[in-house]
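Next come two complexes built around subunit A: one with subunit B, the other with subunit C.
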Partner chain A sequence: MRFTVERRLNQPRWLVVAVPIGSVVVGLAVSAVVLLATGHDPLSSYRQLFDAAFLSTGSLNQTLIAATPLAFTGLATAAAFRMRIFNIGAEGQLYMGAITGAAAGLYLGGRGGPSAFVIAAMVFMGCIGGAAWAAIPGVFRAFFGASEILTSLMLNYVAAQILTYLIFESQSYWRQTKGFNATVFPTGKPLPSSAIWLGPTVHVQGGITLPLGAGFAVLAAVVLWVLYRRMRFGFEVQVLGDSLGAARYAGVRVRRKVLAVMLISGGIAGLGGVSQDGDFRHALDGDPNGLQKQAYGYTGIVVAALARYNPFAVVVIAFLIGGLANAGNTLQGADFPSGLVGVIEGIILFCALGGELLVRHRVRFVPRTRTPAVAAPEAAP
Partner chain B sequence: MNNSLLVVLIASGVAYGTPLLFGALGELLAERSGVLNLGVEGMMLVGAVMGFWTVQRVHAGSAVALIAAVAVAALAGAATALVHAFLVITLRASQIVSGLAVTIFAGAAGLSSYLGNDLNLADVPASHTFHAFFPARMQNWPIVGPIVFGQTPLVYASWICVVAVVYYLARTRPGLNLRAVGEAPGAADAMGINVVAYRYVHTLIGGALAGVAGATFTLAITPQWVSGITGGAGWIAIALVIFAFWRPELCLVGAYFFGALQALAPELQARNISLGPTELWTNSIPYAATVIVLVIVSSRGGRRRLGAPAALGVPYVREE
Partner chain C sequence: MTKRKLALAAAVLVIAAAAAILALGTSPGSAKSSGTFKAAWIYVGPHNDGGWSQAHDAGRLYVQKALGSKVQTTYKENIAVGAQLQQTVASLVSQGYKIIFGTSYGFFDKALAAKYPNVLFEQATGTDVAKNLSEYFGAAEDTVFLSGIAAGAAAQCNTIGYVVAYPIPEVIRHANAFALGAQLAHPGIKVKLVWTNSWFDPAKEKRSAQSLHGAGACVLGQNVDSPATGQYAESVNVPWVGYDSDAQKFAPKSWLTASVYNWGPYYLKRVKAAMNGTWKPGFYYGTISDGFTGLAKYGPDVSAKAKSLIAKWEAKLRANRGAEFTGPLYDQSGKLRVPKGKKLTVQQLYSMNWLVKGVIGSPKG
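Coming up: the complex of A and B.
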């Protein structure tokens, strides 16, 4: 048997759903082999994971906390990748949104404005911060032709340094300078109460707080869908992603569109950053072992790729991957194999990437034509 | 004289720069063949943990154990790179997503951490480590003592690698073919060069060198295993390839420059010298400088002179 790979003319719908599901199944199966090979019981490990992610008391609360930022970074990635603009700087753009958003919260909240106004201002400033940071690789790409992949990646580290600097190496506006604790360990200045995002509570598992950020993420998904599927802008950008030449010929202003996509992507990531301040951390978290350890930006790329860059699928996948991440955090230490979550995530992503070939191409098996000269039929398998 | 700031900085720049140099040389070979591998950090960590494991388990003389450890680290790095190679070369997957997937799979929250825990490697000192190769008398010679003679054998091995890669790219037939594959795979294929084989081989060599880079951490710089011990060196190695305009000899200079920057902040603090927010700028310069270099390289005149391999990041599909 020999096989050839040929491009599909149209992609069947069921495959688009089957490939991600198959990837998860294969990912779990391969990880089970890793677990078995190292002398762990895969079934009990998976049961522990599932319990800690969705079933045990308070687990859904934690899963939402882990999933909300992933929804933002996933949407930010999807917004750009769909258009073949590879912004992998969601990580840094999230930090920048957290910084500018916290500044707005500290300043306006400190002056005693109404909470709704303060929160709106934080959301706005968070988007601006993320978008501004994304504008740097955007401008370099649009006007100098520098690969946005590498520039946005490099800027993540610069943003991380700035974040650490603001809390650890300076007496900045964001840093808590008063009180005993401030002299022991540097922390961010706590946000005033009007700048804290209070979400509604649902009475399941002894009370779950729905983060306001999760609501904003769903809203952002809807806006993205409308923008890309129902508006002229989305169509033009899609043409641009598919064929630069065709877009130019049709009169699309390429530079503006590239920059606009980067700004949208960065703005969403920045919103994820300010949601960290307002929803969860209630201060700017500059600790290298805090926000920066979570690598939300990079995991967001996993989320977006698994969702095949569909905004609604991103929200769903973010919830699932958030559950996995939360379970990994909760179970860390104890008798649970550490690092397993990364292994599972990685293998699922490998499968999804490989499965992409099946969506785009058809694999056809061609029986080898047997010439009469080769007379050894019993040797065939 | 050997305690002057400049000498100390250059000497530690060479030491800290060595893993960057190994990683960058490997990434350079992969990129010259047209494969962008963002999984360097993950491959380094797998090399680091497997190298450390070998040195703990092999009961032999120091030299044998260390050589075996470096070999195992290289194999482990290459094995990790094989996943990336298969996905992007054979299955034509997105190189960016695949590379990041390798880092997530193998990185600080993935396989390397899993192995480190499972093989009980944390919190134990290495049973053998690389030491300075030359006798103490030579290390005390002014200036060249600490910089040239105070280094571990891995440093001298990295110099041999640089010379080998320079010679390979510039003076050998396979090196020329490799450059052709990275610049114009279609033309290379038409010439009868096996594009797929070239890309596989060089991605794997890149992984092996990244594995050695990881072992440099666990066997020489900080001889122990801690999850995430490379601390982002893989990303600096990727930056370094660009910073060095895809040239091995410039990788050497860049690696020692970036290495010295890492040593600068603690060194200045120890000497009570204040140069503003030192950590901020010493840690940011490698990345910021790389962004600037990228912009220059991408501008019209620069691309032809210094440019990246033209087919970098583009899967090769033969028209059939």
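Coming up: the complex of A and C.
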């Protein structure tokens, strides 16, 4: 017996449901082996994981905090990848959005304008910051054909250096310079109260604060969906993604479209950055052991892939992965090494992504025969 | 359209399936309302990093051993400030932990302490004190200074390489103390810095050590958390001074010594106080004389002369904490920073932003 993997001619609908469930179940089963081998009860571990992610008091609050930035970076990635523009730079674009958004919040908030205006300005400036950073690889791709994969990735490191420089290595506008604490350890200047995003509170689980950023993420998903599914722009970019030649022939202005997609992608990532300032940190977080260690931009790529670049699915998957991250954090401890948490998260994500193969392809078992009729095509060059 | 709906349905079903599996599982392990007192530690790196976090974990185990079944301890490792720290504290509080030690700057502040008024917080290396928030650290600069003597005495050339984390006062004062010690044993020696901008990054630490060695350093030292510098030093056969924990096993031949912390007794005292209700907020600054800091045992290449110089200064520092920062002290540009006979206060040490003469590198990173 041998088996071949071949493309499905048609994709049965039930597969779209069965494969993700099956993949996660397989992931849990494989993880169970690892858990048993390390002396942990898999069922009680999974139960704790689930409790910590969604059920116990305050867990949804924490899950939303973890999920919100992933929704932004997931959407940013999906917006570009869908069109086969591989923007790996959501991480750096998020930092730049955090920087420009915090500047707007510090400046306007300090002048005592109404909160809604300050927040709107922060959102706008965050998008601008992210989009501007994405424009760099966008221009190089559109006009010089440079691989946006490499340029956007490299710019992540540059953005990280800038972020650290602003708080740790300079007396910048973003850095807190007053008080004894500020001399002991560098921190960002706290945002004025009018620049802090106050989300509505839902009275379940002892009060869940819905981050304003989570609302913006859902809004961004709707806008993306309309733009890509209901507008001419989306169609043209889709054609471009499928075939450059066909797009040119149809009169699509390729450079503009590539640039536009990068700007949209970067803008969404930048919005995620300013949401970090306004929703959660209430200052620019330049600590290399803070925002930069979370690697939201890279996890966003996994989120986008699992969601098959569908904006609404991105939001759902971000929520689930946010829950997984939150739960993993709760689960780790003296009797449960953080490495084991990472292994389990990795297995589940690996299986979920690997399972995707089975939606579009099928595995067929071919009996091994010695007839030349089967062997001949293989031998052909 | 339908495909998308199906994908969403799939996601919902995954949750349902997971819930079903979990419902079949045994009851959750979080047994509440037992008589044990729960204490937790939050680390910036792995609990077995061979340095800073490992020293804290040794302190946790010391508490666990001393109090036995009366106390339940746990730790959270590799925690970043920001969202992850907030999640970690929230989950520890909901699991009934009553005292939480945060072992890195930026973990706790007054706002966080105010959010959980029934939980006691203690933070290493910080400054904020509140009703339920204490700060603790100690005069590691004194023992780092002693370890600098060992480095200076071992140097056959005129440059020591020092791998440093962040350009912040804590690290700057340790680098200064190290340089002053080295200069005492080896007048005129230079201490060259390379910043890693991370507390724990073995790969970067190794690269930094490599570049320092390449730039002519014949002894290596460090103020970062992993023993990667030592492993590199061992591979190129140059002496090494560690930090935080006794890490001789990582570089048996290169090992000279290290300034090490003994967090255990402080932790035990504070956990006991929390248990019997006598806990009070404060700012603890441990010293050599109360056993908080010390020198790890010497490696094979520390000369008898170096040992006697260290012993002499150790006696001095026992009687007079921070004596190495007594003037006259000059900064890199040769400007007199501490006049003759004056000594820096703890507050001045906590905000030190200048490097002493003979250090090569920028205090801004």
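We take it that the second predicted complex is superposed on the first by the 337 of 381 C-alpha atoms of A that agree within 3 Å, B and C clash if a C-alpha of one lies under 4 Å from a C-alpha of the other, contacts with A are read in each partner's own complex, and residues count from 1 in each chain.
Following the convention adopted for this analysis, contacts are C-beta pairs under 8 Å (C-beta built on N, C-alpha and C of every residue); 3 or more make two chains touch, one makes a residue touch a chain.
Keep in mind that this is a model prediction, so the values were computed, not measured.
Taken together through their common subunit A, the two structures put subunit B and subunit C in a clash. In the superposed model, A:N181 lies in contact with subunit C only, and not with subunit B.
Shared-chain residue A:Y298: touches subunit B; no touch with subunit C. In the superposition on chain A, contact of A:G215 is made with neither subunit B nor subunit C. In the overlay built on the shared chain, the residue A:T164 is in contact with subunit B and with subunit C. More residues of subunit A are touched by C (comparison of subunit B with subunit C). In the superposition on chain A, A:L353 makes contact with subunit B only, not with subunit C. Once the two complexes are laid over each other on the shared chain, residue contacts for A:S338 go to subunit B and to subunit C alike. In the superposed model, A:G199 makes contact with neither subunit B nor subunit C. By the touch criterion defined above, A:I88 lies against subunit B but remains apart from subunit C after alignment on the C-alpha atoms of chain A. Look at A:A146: by the touch rule set out above, it reaches subunit B but stays clear of subunit C. In the three-chain superposition, subunit C clashes with subunit B only at 223-231, the remaining stretches of 223-231, 241-249 or 295-303 being clear. Put simply, subunit A uses residues 164, 169-170, 338 to touch subunit B in one complex and subunit C in the other. Of all the residues in subunit A, the ones that touch subunit C in their complex are 13, 16-17, 19-21, 24-25, 28, 41, 43-44, 46-48, 50-52, 54, 56-58, 61-62, 65-66, 69, 164, 168-170, 180-181, 183-187, 276, 280-281, 285, 287-291, 293-294, 307-308, 310, 312-313, 316-317, 320, 326, 329-330, 332-335, 338.
The part of subunit A that touches subunit B in the complex is made up of residues 34, 38, 86, 88, 136, 140, 144-147, 149-151, 153-155, 157-158, 161-162, 164-165, 169-170, 295, 298-299, 301-302, 305, 328, 337-343, 345-347, 349-350, 353-354, 356-357. Residue ranges of subunit C in contact with subunit A, taken from their complex: 2-4, 6-11, 13-15, 17-19, 21-22, 24-30, 44, 46, 60, 73-78, 80-84, 86-88, 90-91, 94-95, 104-106, 126-128, 166-170, 197-199, 347, 350-351, 353, 364-365.
Residues 36, 38, 83, 87, 91-94, 96-98, 100-118, 227, 232, 235, 238-239, 242, 277, 279-280, 283-284, 286-288, 290-291, 294-295, 297-299, 303, 308, 313 of subunit B are the ones touching subunit A in the complex.
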